[in-house]
C-alpha cells in the first residue's frame, strides 16, 4: 500500500537463549493504514509482541533484528540511529503495555510522567504541558485531575493506571498507537471500558491502533483488520468481514474451533492437539504442520508464502484452496 | 527434524539432578573455581599443617630472630625467633577451627530461633524478632570483646564469643524464607493434598531453604574469619604463644618498618583466603539460585 | 500526623532497646570473671600494695567501690547506668578518674565520625559510578573486572589494608603520606581509604545488582517507549529507583564503619573513639565500656531511623508504620 | 433433591484483618453440590471467589457458617481427621508452576499424595498408579522424570490435575485452572476436566473469571461481587435470564468472536470499577456502578431472594 502509515517488510528477529538461537520472528510483512485498527493475534510465543517492539528498538538485549525494513513516514525505522528513533517513540508512535501495575515509574507522580513525554519531545512548554496533562486526565475519565496529578501510581487501580498509560501514549497526538495486550491483566468490565476508550480516541483523533492480543474476541470486535501469527510467521491476514466470513488458514480455523464461548455448552469443543513450537532453526517448512489435520509432505519441506485471495485476504498455506473448499 | 516441538518429555533423557546442574553452572565461573581450589588447599593445610610444620608454634629460636626468608626458615622468623612458616600452618588450623566452629554455633542458634519465629508466629515471633533487632543494634564486635576479655583468650571462648554474636542474620534469613514459603502456593498445595506439618517441613520447605542456607554459611565463614582477626588487632586474639592470622598481622605491623616480610606471608595468605571464600560464596549463590537456571 | 506518631514510637523503642543493651552489657561484665583490678595496668601496683599493706589495700578497694557505686546491689547499679546513659551523663572512667568521659568523648568521637563519614562518602563517590558502569555494560569484560575488584575490596578487611598501606607508605615510598598521627589532611587519607575500600565494593556490587534489576522493570520500557533519551532514562528513571534501595545499605554500612575505625585508628595511631574504647575493654573499665557500647548502639539505631525516614521520603509506596 | 449433597455450605463467611481494617472476603455464601455436578463460581478480581474455594476446603478457617462434606461438619473435625479427609477433597491451582515443588520430579509430586494417604502397598503399586493417572491426563509415562521447570504451562496443569486425581477424590476445587494457559491449550484442559468428571462422578467447584468456560462446565453458577452472592442459579437459567444488573453487565462485557458481520459487538462499558473491598459502599454494593440504581439501592442492602425455583438474586429491582 502506497499510503500506508507503517510498512513492515520481511522482518526477522532472533534471540539467543543459553546456547540456543530462537527464531522468534521469521520474515513478517504487513502494513498499517492511517486511522486503521489492526489486530495482531496469536498465542504466547507467536512473535506478535516482538514484531512491533523490535520495530521500535524495544526488544531485550539478547534479541537481534536479522533482516527486514519498517518504513514509517518514509523512513526505515530499523536503519535509524538511537537518537532518531527516540524522537519518533512517544511522539509519532505511542505505546501501551500489558501490565499497567508495573508499567509506571513507582516513584514519580503520574502527572509528571504524563508531562515528561511532552517535554521530552518539546511539543509544549512546561505550563502548556501541565494544562494539557490535566485535560488528558479528564479525557481519560479520571476524576479530580488536579488532585490526581500529584498522586503516585500505587494510589490507582489497574484500570486507572492503564488510562494513565494511554494518556502518556497519546499526549503528543501520535499517528499510531501500539497497544500490547492492553486489557489482558484487567477484569472484563474494565477491559470493556479501556477498549471503548481506545475506540473513542481512534475516532476523535484519527489515530491508527495496532492491537496485539491473544484474545480473538477482543480483536474481532475492536479491529478493522486482523493478522494471525503462529511461530513467528504471519499465517493469515484479512479484513474483519473476511475473517468472520471466510477464515482460511487451518490454524485460524482450529483456533476458532477451540475457543470456548458462551453458548458452547452443548457443543463439542475441538482442542488443537499438541502445542506451539519454539523454533530453534529457521523455518523452511510450515511450523503448524505437526498439528494440522491437512498437512502433507510438502508442508514439512517447504515454507508456505503468504498468498493473496482477493479483498486483501492473504493466507500462508500450501493447501489453502483445498481447505477453503473443504470447510466452506 | 527442524521443528522442536517443545521437546516432549518422552524423548527427553533423564534430567540431571539439580546439584549436578548447579555444579555445572558453578564450574563455569573461573573465579569461583579458583577460590574453591584455594579453600580446599587451605582446609587441607589446616588438617595436616601441624604435622608438616617444621617447628612447633611455641618454638623460639633466639639466635635467629628477625631472619629473612631462608632455606631454614622459608618465610623468615619474627622478633622471638618463631618460624613464620610453622606459625602460618598452625594459624590455619586455628582459623579453621574458630571460623567453622563459630559459624556453626551462630548457624545452629539462628536456624532454631528463625524456624521457631517463622513457624510459631504471633507473640513468639515478635519477641524473637525484637531480640534479632537488639542483636543488630548491639555492636557485636564489642560483645565479642566483653566475652573474650571475661572468658579468656582461648580457642573455645573466642569461638563462642564470635558464635553467639553472629546468629541474628541467619535467624532473620530463615524466618523470612519460612514466612514466604508458608504463604506460598506450593505449601498450600501440599496442605490441600493432606500433608502433615512435619511432612511439609521435610519435603517441601527444607529442600527449598537448603540452598539459601548453604550460601549464607559460605558467606558466614569469611565474615567470622575477619571477626576473629579483628580481635587480634586490638590485642584480644588467641593468647600468645598461640598464633593466629590476626596476631601475625598485628605483630608484623609493630615491626613493619624494619621487617616487612613478617607481613607479606600472613597478610597475603589471609587476604587470599578471605577472597577465596568470598568467591566461593558468590559462585554458590549464582549456581544455586534457581533464577540462574532458567 | 503520621510522622509524629512514628517518631514518638521509634524514640520510645530506641530508649527501651538502649536500656536493654546497657542492662545486658552491664550484667555480663558484672557476672563474668575478672575485673578492672585483675586486668588493668595498675593491677601490678595494687598487687604490691596488697603485699605491703593489706589493710590499706582493702581500704583502697572499698573507697574505689564506693566511689563508683560498686557496693550497691546489682539492680541499682544497672538502673543507675541506664539513667546516666539516657541523660548523657557517663561519669568518669576508672582508668582516668579525673577527666569526665564526656570530655574525652568530645575529643575522640568527632575524629571517628569524621573517618567513618569520610570513608562512606569516598566509597559512594567511587562505588556508585563503578556499579553503574558495571550494570550498564553487564556481562562485558569491563563488568567482570569491576565486579571482581569490588568483591576483592569487599573481602579484604580494613585492618589488613591499613597494614598494607603502612608497608607501602612507610617502607616503599616513605614520606609521601603520613602513616601515623592525626591533625593534618595527610593523616586522613590512608585511614579513610582503608575504611572505604570494603565499602566501595559493597556499594558497587549493590548498585550493580539493583540497577540491573531496575533496568528489567516494565516502567523502564515505558520510559523508552515515551522516547526519553537513553541517558535521561538511565538517570531519571533507573538510577533514581535503584538508589532508593541503596539507602538501606548506606545506613548500616556507616554504623559498621564507625565500629571499624577501632582497628584502623589503632594501626594509624589516631586518638579516636576506637582506640579509647579498645583500651576500655582491655582493662574492664566498666563506665567507659558501657559508654562505648551505648554510643555505638545508639548510632546504629539513629542511623536506622534516619534510613527509614529517607526511604519513606524517597519511595512514596513506603508508609511509616 | 432429597438425597444428601456431597458438599453443603451454609452462610459461609470469611473476614481478613489487615492492618486494623476488616476485609469481608466472603459473606454468607450457601450452596449444595452433588456428585458428578459442577458449581461454577464467577467473579472479577477481589470478589472473594478464590477465598471461597479455600474456605470450602478448610484451607482457610471460616468465620461464620458451616461447610459439611458427606454430612460431616468440617469445623468440628480434628486436624488429623481433616488431613485424612483431604484424600476425598482435592484442589487444582491457577499457577501450576508455583504450586509444585521445584525440587520434586513430576512422579514424586504425584506419588507424594499416595504416600501421605498410605495408598498402594508397595512402591511398584504406587508407580503403576502414578503412571496410570499420568496417561489418563494425557501425559506420557516418561514425563514422570521431568522437573516442573522443564514442562510447558499446559503440561504442568495436567500434572496439577493428575496430582489431585491420583487420590481418587470425590470433590475437587478448581481455582482458575485454565486462566494462565494459551487459548488452544485451555480447550484441551477444559475438555479433560469434563471427561474426568463424567468418568469418575467428580463434584467440581469451578472458580473462574471467564463466563464462557464456567457456562461450558457448570451445572449451577454463583456470581460473586465484593464477597457476596449477587446471583445464583442453574446454569441454563442464569445465561438465559440473567437477573442481576451485575450479571447482565458481566455478560455484556464478554467479547465473542462474531460468526457473522452483524454480530460485531458494540463496545458499551458499564461505569466505575470494583470498589475497595475494605470500604464497600453502603446499601447494595453494586449501586455505584449500576445503570438502574435507585434511592433504595443506596440506602438498603438487598436480601437474597428466590425469584424462580433455584434462581436466587440479591437485588431490590429484580
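We just call them A, B, C and D in the order they show up, numbering each chain from 1.
As a convention for this text, a contact is a pair of C-beta atoms (placed from the backbone, for glycine too) under 8 Å apart; a residue touches a chain by one contact, two chains touch by 3 or more.
Values in this document were obtained by computation on a predicted structure and should not be read as measured data.
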Starting from the defined contact criterion, work out which chains touch chain A and chain B both, please. C, D
Central chain (by mean CA position): B
Give, as an integer number of Å, the spacing between the C-alpha centres of chain D and chain A. 32
Per the C-alpha means, the centres of chain B and chain C lie apart by a whole-Å value of 23
Just curious, how far off is chain C from chain A if you go by their C-alpha centres, in Å? 55
Measure off the straight-line distance from the CA centroid of chain B to the CA centroid of chain D, and report it in whole Å. 49
Two or more other chains in contact with one residue: find those residues in chain B. 6
In chain D, the residues touching two or more other chains are 152
Where chain A touches two or more other chains at once, by residue number: 275-276
If we count contacts the way the header does, which residues on chain A are in touch with chain C in the complex? 56-58, 82-83, 86-91, 94-95, 97, 99, 102-108, 116-117, 120-121, 152, 154, 165, 168-169
Quick one: in the complex, what on chain A touches chain D? 43-44, 157, 159-160, 187-193, 195-196, 199, 214-218, 220-222, 240-241, 244-245, 254-256, 258-265, 269-273, 275-276
In the complex, chain D residues that touch chain A: 44-45, 152, 154, 182-188, 190-191, 209, 211-213, 215-216, 235-236, 239, 249-261, 263-265, 267-271, 273-274, 289
How about chain C: which of its residues touch chain B in the complex? 17, 20-21, 24-25, 28-29, 32-34, 39, 148, 151-152, 154-157, 159-160, 163-164, 166-167, 170-171, 259, 262-263, 266-267, 277-278, 281-282, 284, 289, 292-293, 296-297, 300-301, 304
Residue numbers on chain B that touch chain C, as the complex places them: 31, 133-134, 136-139, 141-143, 145-147, 149-151, 222, 226, 229-230, 233-236, 249, 252-253, 256-257, 260, 263, 267, 270-271, 274-275, 277-279, 282
